[in-house]
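Naming follows writing order (A, B, C and D), and every chain is counted from residue 1.
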């Protein structure tokens, strides 16, 4: 029996086929699986539906590379630097090609994924009433409270084909520890048909099972475990590395034009074989600068009996 | 300004008035706030609405003592020993007085509390369709999926007045760490207007903030912090003490008759001043026997940057 | 214990239930006998089965000690996930859980289970504890097993109250009322095993336990119990199965009446 | 920076926003200027205010370092809760969050904010990033602040697209459409502060920042902006407020244009 541990190329090759829906960037500005996104670009996936609350610049890269035909998100941009240029070109000028946009807010996207994980058809809310996100959207159904007649929005469940979740550490079965803000990582993983775990460290089963409350989701959901140190760069991973703010700024400037983006893509993704190659292109010492300057250990917890 | 740390008598006196709705036993068979329940009995609270998925024998004691006029629960019994005698007497013979019972399943109760915490009026589900829990219940509304017409149950939100949650450790503001199975502790706390934290240990703010992912819920919800070691006995608290199975059996036998229960109540609750008095009545060495025989420390986690 | 037999009926029930667990399945495990059945299956034929406990736990290894409740400390330590109840219930409703096991005080011809009220709801003769998670398992699990004491007063033509839905009034009742799960696969009793007619969904005696005759089973059933043409004696627990059961429950807390 | 002034307009905005935070309030904090406003309020007059970050964090002390995003490691370490987004959004919908702060690309006469599409939705002139959590804050927070660059092209009679609802078409529109939050309390701009008429819900110039005249504000507004009879100069940031801002943003990443 083949195990779940595999290379990023194998994981993307097997579990992210053309036309599938893929959840990424679930934690928000941290733990963004950039290494996975770059492999999707290298394998020239097409017609993906990208799902994520905000994705910082990851979705912009996938859109610019022509991988996506649809985005279901609350926000697509560059968190520290501004607008997302490829996203703009796609929406404003169908460049590189047409992109369907299904607008959510952060709350409605998390409710949609929560509903997906609960096996519920929808969850009602009062957010977005009166806004232009509602008319004509497939994601929402207008309704009303049976007793009072007060307006309600039914947020329809979302069940992505696959979620790609970056974590600090995992065992070989996909029992994984994750800490820091979780965003929609848990809901998103539970809502998805399969989960690819991208781990900074692959550790022993004993280590993970020593703290079952820290486990993100059931390994039964996990289809692949990819050991990919620095897999989230330039986004941060608590306890492992900080955010590379300059890298976002650099991308922002480079991607202003299609040509600039193509060049950026060539240099950082297409002409690079894998994550090791990518890391080798970073300025000397960059990784060292991003490493924690101080350990901050969680207080001990005793599961003894 | 008076702080949140207070005795159990003060916390129950201030935050569990006659007629209020109170969530207890949220974790299921562990972390049951028996010390709080006993103080409620001593203060002779009346007309409470008890809310909890299963409560092991805690709700049975409160019902037998005449504190409750209504129960919203999925199960009321004695998990290791069988039926709940006071619950039976109340439902079958209005002894000590009439009890309204609102039947839930574990799933619907957790959905009701989830909805409460989300500020959603209800959450739809397919559980319980066709069962006798639905007709005439205020907790459920029959509906159907707009597209397919398939039947749905709308589980109405529950927002208890107060949740009493037992945890391993808390700081003086109610920032609390809890581990082991959580049941509906998080949903229940978030759904409630206020939370009383009962902690085995009151520790420093630094200790709690060293691990914010372990924090159960926001301290803004917490109205009281009670330092009550062994507060959950005879139910277990991971890392602190095991379950006192014999105590449940003993209660089961004692409570077979109203008279037997009265005597049990006198001995263990009414004639006892507080938790210290209760613990003093336990057989010598009982507490030592329940203490962990082995430490099982969670693997270290680094929040450094 | 039957004097001629070297095992108890509870041990037979555990072995029969264990054999219903398939390798790799996600199983909603209750307490008592189902918990032992999970342990037997894991060690015998279903090493990759995973157990879900509604209190908020998942385990891929049975706990190393006897459990009185699913929240006992040995069940938490070494779990592969310790979480909130709703996450496990959500997986159940998603259809990710292939098998669940429930007990009951009363069951009827179509596998409906009552654990709520005997007599009327307003003034019950006996108030039973209620659903717990059983009604959810019966509603939502791929299939489920009912594990019960076989007595005439418990096996009724029609239960007084449906807590956990079986096949309702039979036929395609489940589809009609909108239940996603496929319903009960078997009733495993102290006397035998009942399966369900694929069309009418009526319970049928499939096997009688060693030392029990089909007639005895029928006498302990308050409706005219159909007997399968293929009815046979339940395969008794093997030595290996018994060894596992007795390792898990050395004092017979759950398995020696 | 205005040559006569010893502070920037961004610093004025931060100080004005900070003064809107009351002690003990739960505040949905965004990034950039609101984050600085939270830090100022905490140290000045609202020591018991608590900040919520939609990525899944709550803090009762501002992070000790400048943040570029709310998920930056210094914002996680020392948080009082690190959790799932939905828990914070749930508190927002419960009505537990008294104040939220949002930015915007366009705002209109009734405080509606557009961060989605300039031009048509089908073929926009500019595709903006979208709501993020702003529409939720605008829908659900007790009250909220809009913090924006004041330019005529951004202050429009009617926004092209309502991402974050203000008062819609004015009057009791919010109640009519069913929004629980009370709506925007103020628009804090690079030129002044706008509040809302309690009846008509139209934006009114309440104060103009030091060095800015009411006329200039009106010229940078594409609808005929009403000026409050009580219009006055915005109280400039105090030395203490400035010290806190500059301690938090020493290089002026967010506060020096």
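In this text, contacts are C-beta pairs under 8 Å (C-beta built on N, C-alpha and C of every residue); 3 or more make two chains touch, one makes a residue touch a chain.
Since the model is a prediction, treat every value here as computed from it, not as a measurement.
A comparison of the B-D and A-D interfaces places the larger number of contacting C-beta pairs at A-D. Ranking all chains by how far their C-alpha centres lie from the centre of chain C, first place goes to D.
Averaged C-alpha coordinates give centres for chain C and chain D that are 57 Å from one another. Distance between chain centres (mean CA atoms), chain B to chain D: 41 Å.
Rounded to whole angstrom, the centroid-to-centroid distance between chain A and chain B, based on C-alpha atoms, equals 37 Å. If each chain is reduced to the centroid of its CA atoms, chain A and chain D end up 27 Å from each other.
The multi-chain contact residues of chain B, meaning those touching 2 or more other chains, are 111, 118-120, 125-126, 152, 179-180, 182, 186, 208, 213, 236, 238, 242, 292, 296, 303-305. Among all residues of chain C, those that touch two or more other chains are 57, 73, 76-77, 82-83, 86, 89, 92-93, 140, 180. Pairs of chains meeting the touch criterion are A-B, A-C, A-D, B-C, B-D.
Touching chain C in their complex are the following residues of chain B: 27-30, 53-54, 56, 73-77, 79-80, 83-84, 87-88, 90-92, 101, 103-108, 110-111, 114, 125-133, 150-152, 179-187, 235-236, 238, 242-243, 245, 292, 296.
The part of chain C that touches chain B in the complex is made up of residues 31, 53-57, 68-73, 76-77, 82-86, 89, 92-93, 116, 121, 123-136, 139-140, 161-165, 168, 173-174, 177-180. Contacts from chain A toward chain C in the complex involve residues 117-120, 175, 186, 190, 208-209, 212-213, 215, 217-220, 303-305. Taken together, the chain C residues at the contact with chain A in this complex read 26, 50, 57-58, 60, 73-74, 76-83, 86-87, 89-96, 140, 180. By the touch rule above, chain B contacts chain A in their complex via residues 111, 118-126, 141, 143, 145-146, 152, 154, 177, 179-180, 182, 203, 207-208, 210-211, 213-214, 236, 238-239, 242, 292-305.
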